[in-house]
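In what comes next, chain A is part of two complexes: it sits with chain B in the first one and with chain C in the second one.
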Partner chain A sequence: MSAPLPKRIIKETERLQNEPVPGISAEPHEENARYFDVWVDGPDGSCYEGGKFNLELFLPDDYPMCPPRIRFLTRIYHPNIDRLGRICLDVLKNNWSPALQIRTILLSIQALLGAPNPEDPLNEAVAKQWKENQPEAIKTAREWTQLYAQKK
Partner chain B sequence: MSDSNSTGHSSLSPPPPGSRRSPSPGGTSVSTQIALRNMRRLEARRNMEENHYLTQKARNCNLNPPVDLRALDYVSKYDDNLVCPICRCPLVDPVLLMDCDHCFCRECIRQTWTTYSPLGPKGDCPTCRMPAKLGPRASTSKILVNILDDLVVKCPKSENGCKSEIKRGEVQDHITIYCGYAMVECKDSGCGQSVRRKDYDLGCLHYNVSCESCQQNMPKAELETHWQLQCPDRQVKCDLCSSLIYYRDREEHRKEACPAVNVPCPGAPLGCTNKSRRAHLDIHVKGCVLAKLGPVLDAQKQRMDEQESAHKLINRKLEILETGFTAMQDILSANRSGPPDNGSTETLIVPSRSRAESTATDSTRIASADDYDFPVPPSNRGSAIEPESPPTTNTTRSSTTPRTTATPRSLTSPPLRPAPQAPFPRPTDLPPPTTTDFDLASPFSTTAPGADGPYSSPLHHLLSMHESLRDEMARVSAALTELDGRHSMQILNENLRTRDEIAYLGGQVAGMGRQVHWLTSAQLQRQTPGGSAAAREVGTGASAGGGGAGGSVEGAVNAMSTAATALRGAARVVNVGGGQGSPTSPGMRRGVSEEGRTKL
Partner chain C sequence: MDSDIEDFNSVASSDGFVEDGGSSFGGDDSDVQIDDDFGDDAAFETQEKDLKAKKKHFEVDFSVYSPQDIQDQQDKQVDEVAGLLEQPKESTAILLRYFRWNKERLIEQYMDNQEEVLSKAGLGQDMTTSPPRIEIKDDFMCDICCEDGPGLETFAMKCEHRFCTDCYRQYLAQKIKEEGEAARIKCPGDGCNSIVDSKSLDLMVTPDLTDRYHELLMRTYVDDKESLKWCPAPNCVYAVECGVKKRDLNRIVPTVTCDAKHGFCFGCTLADHQPCPCSLVKKWLKKCEDDSETANWISANTKECPKCGSTIEKNGGCNHMTCRKCRNEFCWMCMGLWSEHGTSWYNCNRYEEKSGTEARDSQAKSRQSLERYLHYYNRYANHEQSAKLDKDIFHKTEKKMTLLQSSSNMSWIEVQFLESASKALQQCRQTLKWTYAFAYYLARNNQTEIFEDNQKDLEMAVENLSEMFEKQPDQLAGLKVQMMDKTAYCNQRHIILLDDTAKNLKEENWQFNTTLS
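Presenting the complex of A and B:
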């Protein structure tokens, strides 16, 4: 932590605070400016609508050469998000590009909530349910959203 | 700096490769061998020069590290299109990717590609993901470079005090050549330390001085920097609100005053999660219900705490009062269980009358009487009685007490009171005496654990109990005085009769005594020789009176002794009955017996 914060992170943080993305908020921790506390609203029209999902985001030392590490803290019923909150999203892995930013990544995650992809699952059980009985899966996702994703 | 470094290389390094190349074609003849030797000498010298230059440069670099153009503060506004998508700064040494024509800093794209594909300078375009590589002429047109270099920036030494604002393209030169705050070697060559360029002419400044405000020791050369950057008493601008504050106070400023710091809503303890800048907090507070409720709830909580402590105090007082109350009950119950032996109080004291009657009916009667007389105390103050069964305890309790008090009564006659029960409490001295004997009979403790009393507060109940007890006491004392009077009258009457009888007996005894005296004197006269005639007269008189003289005397003496024993018995009876009722009888009796004895 002795190294000064790269200009890019400072600029991104400033921009996230000054021009926040609607439905997304990211606040850096006071002790560690590379650690963000993120809240993402469930996209309208999806089964996560009305939920407020808490995520943690960490910018590694190599950022922006390597992707940020993001994890859901709120429980969520989603075929691409496992029980520990890890997210299966290409731009967070192989398809990371240094031209991406925190805000674009968070938008991608919001989009992932709106469009679950059971063909590339991280949570097999959920993905199976999603494929076999989608209405039931969506109902469960709604229930979970009601149960866990109500911000106090 | 990397630019200047590479240019430095290019100006010096080309000759050696050239020199190396020249000998290779013709290396056989002697002349060429000499030429080769010269060449090598030249090469060695050049190498030495180059090394010297490089060390110089390295020292220079150490003193003033190459400027990082990305860390600069840009004064002029720049178009978003001039920003590198990777480092988010105005492009530094921009390059164009082949095929997609996206533009990045050379260093950024190199880093990206070495991170992702260690194979070489090619990979996907970070923006459009097209396979891309750097062409042979990757550099962008001069016009873009000029635009970027014309951006005005602050001198990187602005923190140290340099106020100059320069074009970005000239920053490096500014630092290495002009900036007064860049470091150069000390004028004193033996010193070996560095000094700011503007202080160069002041001579060696590496002697110790102490800061005027914080008294810290340091070299003179560093004093100014110390004032500007380190002294705790210096003035600094707050990063967030850009107001001038003392460095020493900056933490406090952040915590207390800085209007740009995000602070939680005052209603946060109540659950408001809003965080807003201190300056804008008022706006939020105006609309936040929780923040408005905060002080009210605080006041309420404080009041609750106060009430709780007061409640505790009252509880303690109540406890003390209750223990006092039980003590009073014990005392009073002892007083109350006293009177029942007395038949004369029947009309006055209801419960005691019931107790004075037969032991069989006693128990139930007392229980009912007690229940009637004393409303139950609300709480049983830790006595050993089970609160569930007051009637049973009552009966056992009361059935034992009357028995103890009744037994002496059955042995003696009703009017005569047994001696051990003499100490009756006078109405004047209420509390302590003789209580322990009657503790068992405490009617209060037995009635105590009943249903809830009719009194709302224990204090009221206590007061009413006190009143009723006082009434009871008054009745008891009145009964006692009356009893006392009656008793003394009875004794007086009894004594009068016996005294009369004794007086009558005394008279009789006296008459008999006179008769005896007369008879004995007559016999004595007859026995004397001088008076034989007289004695004869007496004897004749006696015989004439009937019977022998000797026999008659003996009979008289016998009658006397029986009379004396009868008297003795009568005196004893009077003694026992009245005590001091017949003070005359013992003297009389003694007088009679003495008379008899002396006469005999």
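Presenting the complex of A and C:
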């Protein structure tokens, strides 16, 4: 029913599987090669360390002219990620370039976990806590990581 | 950082323009031969001219430009500056757009620090040497589509971010067609700030896109200049230049007319709303639409950019907003400047609570004044409705005039009084309508009585004329002189009312029961 997969997506998928990025995995679904099941490890030294975060990634028809759609499925306590798992990241919006790839985007997301930016909040409650009482916020983020971000 | 702008003004205002051109029975461009032996009509025409000759308080100076005029203006400026900076025209155009056509500032900063200006505007150094061209490179793989076959055509600007021409074209098409970008399309390379110049663009895209691109460039030129505005009438191609500034709008209602005879307000691009100043019009319309679903949706889902007033829908993302039109960066919650706001963003919480109570207070107040409001609203709506009915009659006028010509042996030129009457009715009702919105916000003082008298006189004159206008064609012939008198009287009362209100507005003699924002 769907059009043949563009070469770009085939190559990207191959490379993701043959030369995986450490701490990141992205598997296309069998029935839909544009839909990926993504796992990202919390970066070492961050409050998400030790967590394995599940995301869903979808490549829309006009990919790579348009950015992929990505959302956290695992609950996460982070000022730039809201309760529905949506992510506030410039490269997923205004600063998307068709030369970017799934792998670079996932790396950016991993970097965002390592460097939360409460100045540009998406989840205001979390960002407020982050600014007013950072140690408490980091503690909560750790607890949530233990609670929700463990691969069975 | 995401914002979507819908210019609701320009969409919503397509209705209600007083169009007095284009009619088949005697617009300015009609090629009907006029015989010499109708002395009274000639006299009537000169009378109309006399009225226009002297500048009234409610008139403003403006000029109308066709798309070609605007293109010429741009070309002229580009030529001038290109010579000065010794840059090719394409680069100069990018520089000028970057500086929003402020030549002086561009030249000053360019002379100060050429390299910085060039890179900030998205131009690498050395645009002067080779023209853009499509090349075939060995061992090339396009980073966008991953094609790597031999003989693949590729393109890159000076920044050397090279992609295959198919992808480049698709990217440009996406930007131009879907996103409506033109002046600020960046190189598709990740993180590259180079702006795609018009020469590269002409080389890369199909002619239909080139047309759209140049149209968009023209739009940005007009949008970038405070003294230029597009005629808001649907499909109208003209732009109007007017020196009235935003800060003058509380003292003047700048009504202008494009060459296609669309009258509109230069301040807010709504249909002519004299004598009511723009800010009151805005308030009034908001108030009137309080119940409509659209108004509810707009107020629930959109805010206005605090700098340029564009209506913005936040469709996702964080509170850091960047207005797509004026590039103003602000906080969605408190609407304050983002730069001033950096570390204390959470003050916004408090702000929202406060504005919440304010909203509730104002609701209670509006209920108290509901009765007063309805008095004015009913009269406002009545004139709007009557103007529509008059317009229907206007469309039937031609038929009436033909009938009149056959039933009473009058010639074509002799029945022109009907068209004049119809025109007068439209214009007067448009003004009367807005006098009620104006009156609603007016606080009583000595001036208001004169205003109300003027309003009453015009209203009576208009109603009289309107009544005559509805008569059967066989009766109309006998009413000719009376109707011509009444038309002239309406026009005269119209001018008196407009002149009085405009003069007092200019001299700040009106007191309003609300603040003019």
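Throughout what follows, the second predicted complex is superposed on the first by the 151 of 152 C-alpha atoms of A that agree within 3 Å, B and C clash if a C-alpha of one lies under 4 Å from a C-alpha of the other, contacts with A are read in each partner's own complex, and residues count from 1 in each chain.
Throughout what follows, contacts are C-beta pairs under 8 Å (C-beta built on N, C-alpha and C of every residue); 3 or more make two chains touch, one makes a residue touch a chain.
In this text the structure is predicted, and so the values were computed from the model without any measurement.
By the touch criterion defined above, A:Lys7 lies against chain B and chain C together after alignment on the C-alpha atoms of chain A. When the two structures are aligned on the shared chain, A:Lys128 is found in touch with chain C, with no touch to chain B. Applying the stated contact rule after C-alpha superposition, one finds that A:Asp120 touches chain C and leaves chain B untouched. Using the contact criterion defined above for the overlaid structures, shared-chain residue A:Lys93 touches chain C, although it does not reach chain B. Legend: residue contacts after superposition of the two complexes on their common chain; A:Arg103 is shown touching neither chain B nor chain C.
Put simply, more of the residues of chain A are touched by C, taking chain B and chain C as the two choices. Once the two complexes are laid over each other on the shared chain, residue contacts for A:Asp62 go to chain B and to chain C alike. With both structures placed on the common chain, the touch criterion links A:Arg75 to neither chain B nor chain C. Overlap of the chain B and chain C interfaces on chain A comprises residues 6-8, 11-12, 62, 64-66, 95, 97-99. Those residues of chain B whose C-beta lies close enough to touch chain A in the complex are 70-71, 85-89, 108, 111-112, 115-116, 124, 126-127, 129, 271, 273. Of all residues in chain A, only 6-8, 10-12, 62, 64-66, 80, 86, 88, 90, 93-95, 97-100, 104, 119-122, 124, 127-128, 131-132 touch chain C in the complex they form. Only residues 1-2, 143-147, 161, 163, 167, 170-171, 174, 188-192, 316-320, 322, 342-343, 345-346, 349 of chain C touch chain A when the two sit together in their complex.
Residue ranges of chain A in contact with chain B, taken from their complex: 6-8, 11-12, 62, 64-66, 95, 97-99, 101, 151-152.
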